[in-house]
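Once you scroll down, you'll see the structures, which are given as structure tokens.
After this come two complexes, each holding subunit A, first together with subunit B and then together with subunit C.
Now for the complex of A and B:
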């Protein structure tokens, strides 16, 4: 699809700045998002190209405003809901519960 | 449904995964062949970047046979075919103001390419 992920040749994003001693993950949640994506992939309900296509379906404004592993997490949620393994309500309920725990 | 057990994680991760297919397929092109990337706009997943569509390049090398992402992403099969590293000059992609010395190599599947009909 001619999505916003296909960025080759686009202007206006500024220089690519290489990070010295770049860590594999910049936050603990990124490690979890990566592991969760791989573990869920082993359920055998989708393949790697379906995973990539899922990430491409993130709304373009949100895609540009979010980070690499946010794309991964969005794509994973999309596939889990699409395949009926989770409902959108279950995801939202979990987010609400975690936010409440964080606020305490 | 398959489940990845904690005890298997190390072995499975080290083994990795590859999209290479170990089945012979006829190659449409050979290194040195002049090709044109198809001007197509599939609404599903594709690994054909917009900036090479309709552009002329040269097959640099043949990587072998791989799963075709466009059909695989739609659950329409692996459609194994050859993937090539195709060289496009910067001037072909970005016009006469681009550096005459620069080129980009893009990995492209047989179904993304046609023979260059020439001038």
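Now for the complex of A and C:
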């Protein structure tokens, strides 16, 4: 399927910038998003192609404006809800509760 | 992600949690409460890919291929099996292909669609490999990209770009640097860089000639 993820040959993204002495992860949330995606994958509810397809469902403008592990997070949430392991409502409620606890 | 794009490049504990951070915490807490994932398993996965699996694995494979012609033959014929001789197996490396660089042919690996990469031998990919500039330009202007990595390829050298898939993962076998005759596998492995095994760099020259 054609989409914004299909980047081969696109123009305008500028030079490749490599980071010297790059760490494996750049933030704690990236570590957790990575491991959660793998661990949830072990449940056997989806395969690698479904994971990638899920990330490709991200709206194109959001895809381009977000980082790699944000794509993973979006895909994971999408699959968890699609497979009925979590509901959209309970995810949003938990985010709201955590945000409220943060604000205190 | 659903809302804001706080690009918090630091991880200060004093900064408010971004939407992304909150969503990760929300998923982790819900999944662990339901018994779908185990928090200790998450820690082990992070430790595995942050400290144990990485390009040193691939460097050992390359060093052996340089040192042992019979191993190199096996590696080029059936990469997955030859790499498994080291015990480097597992997810994102089930079906491996090794591409040999020669004075006439340079190989370069990309995943234009996402980030496919041979985890068991190289670990997790660097950000640039997953970035739009590399994914878009590796296939459009490979020589220009190589130049940005400091690799000048002559017009008489063919550049082959390999687009990875979810199934097939590539490892480049770089050319053995001159002046390394007589070096053992451990010494050779020190010369093998991650970028050389992706195909955007060269193996390092030895610091001094081995007598």
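Here, the second predicted complex is superposed on the first by the 104 of 104 C-alpha atoms of A that agree within 3 Å, B and C clash if a C-alpha of one lies under 4 Å from a C-alpha of the other, contacts with A are read in each partner's own complex, and residues count from 1 in each chain.
One rule holds for everything that comes next: contacts are C-beta pairs under 8 Å (C-beta built on N, C-alpha and C of every residue); 3 or more make two chains touch, one makes a residue touch a chain.
Just so it is clear, the structure is predicted and the values come from calculations on it, not from any experiment.
> Contact-wise, after the overlay, does A:36 reach subunit B, subunit C, both or neither (first, second, both, neither)?
In the superposed model, A:36 contacts subunit C only, not subunit B.
> In the superposed model, does subunit B or subunit C contact more residues of subunit A?
Subunit A has more residues touched by C than by the other partner.
> If you stack the two complexes on chain A, which partner ends up touching A:2: first (subunit B), second (subunit C), both, or neither?
First partner only.
> Touch test for A:22: subunit B only (first), subunit C only (second), both, or neither?
second
> Going by the contact rule set out at the top, does A:80 touch subunit B (first), subunit C (second), both, or neither?
Second partner only.
> So in the superposed three-chain picture, is A:50 touching just subunit B, just subunit C, both, or none of them (first/second/both/neither)?
first
> Using the superposition described at the top, list the residues of subunit A that contact subunit B and also contact subunit C.
6, 8-9, 38-39, 43, 48-49, 52, 56
> Hey, which residues of subunit A end up touching subunit C in the complex?
Subunit A residues touching subunit C: 5-11, 13-19, 22, 24-29, 31-36, 38-40, 43, 48-49, 52, 55-56, 62, 64-68, 70, 73-74, 76-77, 80, 85-86, 90-91, 94-95, 98-99, 102-103.
> Show which residues of subunit A lie in contact with subunit B when the two form their complex.
Those residues of subunit A that touch subunit B are 1-2, 6, 8-9, 38-39, 42-45, 47-50, 52-53, 56.
> Hey, which residues of subunit B end up touching subunit A in the complex?
Against subunit A, the touching part of subunit B is residues 1-4, 12-13, 17, 19, 41-46, 49-51, 67, 69-70, 72-75, 93-94.
> Using the touch rule from the top, collect the residues of subunit C that touch subunit A in their complex.
Residue list for subunit C touching subunit A: 1, 5, 7-9, 11, 16-31, 34, 36-38, 41-43, 45-46, 49-50, 54, 91, 110, 112-115, 123-124, 126-128, 130-140, 145, 148-149, 163, 166, 195.
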